[in-house]
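Down below are the structures I want you to see.
Next come two complexes, and both contain chain A; in the first it sits with chain B, in the second with chain C.
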Partner chain A sequence: MSSSSAPQAKGEQGGHDAHLDAQPSPQHAQLKPIALLPGLDTKFSTLAIALIIIFYPVLADNDFWTTVLVSTGVFAAAAIGLNLLTGYTGQVSLGHAAFLTVGSYVAAYFGATQGLWMIVWLPLAGVFGAAVGAIIGPFALRVKGDYLVVISLALLFFTAHVVRNWESVTGGNDGISTSGADLGLGPLNFADLRIFGHTFTREEGLFYLAWIMVGAFALIARNVVRSRPGRAMQAVRDRDTAAEVLGVSSAQYKIAAFVLSSAMASAAGAVLAVHQRFLTPTEPLLELFVSIQFVAIIVVGGVATVYGAIIGAFLLTVLPETIKTYTHWFDFNIPIWDKKLVSSSGIEPGLFNPGSFSNFLFGLLLVVFLLLSPQGIAGWIRAVKGGAIQSFWHNLRGHLRGRWFQRGEPAASRSRA
Partner chain B sequence: MTGPSTKARQIAVALWLLVSLFVLALISVLADGNDGLEKFLQFVVGGLALGSIYSILALGFVVIYKATGVFNLAQGSLVLLGTYVLYQFKEEYDLPFGLALLFALVLMAGVGVLIERVVMRKMLGKPVFSAIMVTLALLIIIDQIVRSIWSEPGYVLNLPWSSGKVDIGDVTIRHIDFWAVGSAMVLLVAFFLFFERTRVGLGMRATALDAEVASAQGVRIGVSYAMSWAVAAVVATVAGMILTVRTGGGALTPAVGYVALRAFPAMILGGLDSTGGAVAGGLIIGLAEVLVDGYLDYDWLGERFETVVPYLLLLPIMLWRPHGLFGTKTVERS
Partner chain C sequence: MSSSTAHKSSSAVEGGPSGRVARAAPSHEGAASDSFSRGGSLKISNVSFSVGGITILDDVSFEVKAGELFGIIGPNGAGKSSLFNCISGIYLPTEGQIHLSDKPIVGRRPTAVAKLGVARTFQNLALFNNLNVSDNLMLGRHRLMRTGYLTAALWFGRARREEVKHRLECAEIIELLGLSEVAKLPVGVLPYGAQKRVELGRALVSEPNLLLLDEPVAGMNDDETEQMSNLLRNVSQQLGITIVLVEHDVHMVQQLADRVCAINFGQVVVVGSPAEVVTHPTVIEAYLGADWS
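The block that comes next holds the complex of A and B.
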């Protein structure tokens, strides 16, 4: 994990190095332009992605995939938070789903039941999430590694219990509606957006809301990570004690990481709640699956990168829907065994149904990435940028030549970055 | 681990347990007389049985942790798979119980070895984070496979001693409770002898401490790792069997794996690398759950409050002793 942040850090600072050497004052570091738009190449791709997001609802006009992309945005926002905690600060947490639940019910209670404005309930969700994070944070100071994983599981059980039993606020087992929550922001109302004469549906409005949140969180995360607190967090992750020796208070940064990440998850959960329209309590086991999904998102996308969380969220939310929509692709008989691989109908027995098949693929994807490509998709992107394709062809050519013309010589060993 | 202080701690914990149980018994007698005592004893029997199941589950975690240093979150899915495999042999193929259990245990041991060889072996030397995440992924994969293969509702596992019970005074003890406590005790002794007296067991402990040094001393590391997963899978099957018969009357549901989640506190409480600690943790959690369920009857605590008791108990103890009651304290160097 430690090596994964190195190339990125280099890329960010590369342009300033000479300057910094000449004037190594601490103020200078703070005066760096804010990130997300650091170099020309990233500027272009960021702009392109922003344009795609802005014009997607207008051009696609497809409510189904817009709905899916709302959850992509929500998951991406929450995954950015988890990445700050797990990727950058090195604290493994399986309690992330609990923070989403907290945010969801804050939205349900303050937004729908109390009828407060969005500018009140959305920040409140963040505040409540941060408070829960601040409670669980101190455990990370005392308890480490494997033990911390189980402590974070406790959070899932506690939130599930509270949700089930605090009926006046959460609606208990009957659930609670969130569709009445206000979605206005000044002159904009995300439930009924009208811009330049174009009317957007509620789903499209939520799409914008979710992706504005992703943009904001990405901006925050990128700038936290490249500033002093971010470097301190990475120091805590890599060498706890060494960081202390250098004057970094690991306690302070661990708790800060918990607070920030849970606030982000909770705010994302609030938007998710409004998107789902109705909340019912879930079993801790299902919550655990959601938490695992978040871990899968950051592993597949790339640990300790901000855009990796977005890529991972995109893959892991679009994949199940794709499987559900195109079930007939997998609707073939397994050789030898007279069963279909995936079957959506109850008449013909299939080994999987679309839902369980996508869960299965989640797990498989996680294993494959951890075993073969632990840096995730972000690692591929870095490799491509670093000239991996050229060197692959070069090596392949050398390899083939070695094979055909220099029999007996060992083939050129391919170096793996 | 230093000898005397561990022993002292074990005695202290045992004393604390006995004293608190005695105080509870006294209170119940003072409150309700003879009826109160019987009620109390009934709860203790239930708690010990449940605690024994937790202990067996926790032993499965501990054996893998002790040998490979991996925190295996997939134990719950091994429980699930083992139970369904046993069902397959016992009910679908209609084998006698002993033979079915034997086949199931052998098959599950094979599954354990397979998981180790195919997946976990590749994780050696990778960060702990990755190893944990791989076991998480295994949890999902096995869970989905089991749900897919045995997809119809209403499987029932009938065991010869499913429904029998013994009455001692007014206290009812089900046969399955004897089996639960008995298996836990037998497994504890077996584990103790295995890790302390046999070559393979000692080799496994040595491997966990330092694989390179162990291999230099002639320990076959691969065998150690594979063994630990095989043993964990076997133990998981036993736990799943007893759990299914005890809580659901033999009705199989994929939720069996979920109970393993509630056994995490048991394992953590005792300390990840302590077999005795696993059993002690299991018993403490089991007793606490049943006693809380029986005695704490306040509305504001909410329904099924006992499901959060393990974790509620866990938090203060972890703040007090971050490596569990009997776990090895690691000296950290950076």
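The block that comes next holds the complex of A and C.
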């Protein structure tokens, strides 16, 4: 107990205490709610990234990268949802791709087959996702950790089975077209967007749609985690018994996290479906790999951060495409067992082709992050903000002067854990 | 504080305190004091608890009056913490009934017991290590807040208003406990003594009728113990909260408690004034030792 508490307690007995009466004083940071974007640097970088996203389709007339960035947006939106579930509530799920699939087929059925407006089928995708999440959520009350992972995995196979066999809705193995789905929102039509005389392609329109969704989900997620339900979710993750004793119902918040996360995933899946134009049960979305990819996104980006999901989604969608596109530039002419490391043409013998090489790098990235940087890129950002770079130069300067460390405490040790 | 009056009425609506107002402070006094001025009474009737054939608690009965500071002493494994777990709904007693201000609480889930105004600390700290001190305390106020997912997602309006209001309340307790300097740090990095205070603060901000403290000064030095004693005395006298205290520091219990209960092998040995209890032959034999003075 620090020295300050005892005199204050006595002050209370005395009936008046100038110090306590002076409360609240604005210099106490803990009095303010957590800001949406804490700090000027966060505000500026968010603004900068938002401007880049807004002007990207105008400035870069590249359909290929626009297409990739639509997937990035969809994955980021879904990963924000998964981070609420896994990062903030501690429920690891490998069934996230199943929720995207649910949303995809809602878009296909209600959007393309029934021809409803986007303002109907997109929220409907969220509602269906929420409903499926509410069915799966209660399982998390009975099982934890690895067992929950296995159950969520079962959801993936179950969904695949339903998609193959419910032919009247999903088209069965023949698949279903989604290109007819309406993309209008009031005066805007994302399939044929015209703003200030500039005409955008369908891909560019979907780019905006996907990233508007990312912005909306990021805002919702950030608002939730900085207020009562978000704290409760984190309490359930860290110590559910202690949370219960405080009146936080762990059952309620676990199920709610499933509902919210699957609603987001499902809405993202609906946009993905329209983006792909055609859905089949053999599409990679229902492969286990995609679900693992979502876990990888939040691990690489940073568990229990909202922006981490966006950074992770960017890296893990853009990186493979970059590797595939530019492999022939570098040629990777490193001979291993009389083979090249990567054969770009497929004619000369190689250990990898560009596709498998990007998968290899993806796996490597995941392992390296899990082992060396479990806090992901968000952890790097925190370290830099906490003064890691200053302390690096500080220590280097000291080293050059013949001392390993300065007498003073290096700034890094003051950084937040 | 004008904001506190709203709480008082809201907690009364919840059906929490019906015990008498005990030693309540005048309302204009210290900043935190008027927000919770009632203690609840606790009645343990013939509570038994056994796990796998082992009897942990055997026909335990005692009563704690509203506003009382009640100590429980006893050797390790006597069943003190199990009794706390029975009260807070973590364990379900095999037999017996527990009443908080005449409301039966056996069979209620921990969340329901918390809503009645029972707050507690744990013997081996149960803090949310990744969250900072402020947020840990805000979780103590969870039951007093109403923001749900929808209002939280919108933020402007109720969510923001509630955050501002309740952070203000938490800041007072943070100040009182001398934690202002570290309010923004994750509690996991704080030293043990500070963590103990955070846990007490988290229990205090929830405006409890009954406060269960499981070894609040374990591992503290004499100075810290003294300060904690003063604090608990103030909490008890100024705020009138009923406190049940499990502690091995018998000197501290002796000075602090109105009445003491000694437990051994899950059974109540004696309930009485501190002086009566520490001179009881069975207590000396089983717990204190012959050379205890």
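Keep in mind that, in the parts below, the second predicted complex is superposed on the first by the 345 of 417 C-alpha atoms of A that agree within 3 Å, B and C clash if a C-alpha of one lies under 4 Å from a C-alpha of the other, contacts with A are read in each partner's own complex, and residues count from 1 in each chain.
As a convention for this text, a contact is a pair of C-beta atoms (placed from the backbone, for glycine too) under 8 Å apart; a residue touches a chain by one contact, two chains touch by 3 or more.
As the structure is a prediction and not an experimental result, all values here were calculated from the model.
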item	value
Partner chain in contact with A:Val224 - chain B first, chain C second, else both or neither	second
Which of chain B and chain C A:Pro374 touches, first, second, both or neither	first
First (chain B), second (chain C), both or neither touched by A:Phe158	first
Partner chain in contact with A:Arg382 - chain B first, chain C second, else both or neither	neither
Partner chain in contact with A:Arg142 - chain B first, chain C second, else both or neither	first
Partner chain in contact with A:Asn359 - chain B first, chain C second, else both or neither	first
Partner chain(s) touched by A:Thr241 [first = chain B, second = chain C, both, neither]	both
Chain C-contacting residues of chain A that also contact chain B	1, 239, 241-242
Touch list for chain C against partner chain A, complex	25-26, 28-31, 33, 88-90, 109-111, 113-115, 119-120, 122, 126-131, 133-135, 138-140, 142-143, 145-149, 152-155, 159-160, 162-164, 167-168, 170-172, 174-180, 183-186, 188-189, 193, 197, 202, 206, 223-224, 227-228, 230-231, 234, 238
Residues of chain A that touch chain C when the two form their complex	1-6, 8-9, 11-13, 15-17, 20-21, 23-24, 28-34, 36, 219-220, 223-224, 226-232, 234-235, 238-239, 241-249, 256, 260, 304, 416-417
List of chain B residues in touch with chain A within their complex	65, 71, 73, 119, 122-123, 126-130, 132-134, 136-141, 143-145, 147-149, 151, 255, 257-258, 261, 264-265, 267-268, 272, 301-305, 307-308, 311, 314-315, 318-319, 322-324, 332-334
Complex contacts: residues of chain A adjacent to chain B	1, 86, 90, 92, 139, 142-147, 149-151, 153-154, 157-158, 161-162, 164-166, 239-242, 283-285, 288-289, 292, 295-296, 299, 349, 351-352, 356-357, 359-360, 362-364, 366-367, 370-371, 374
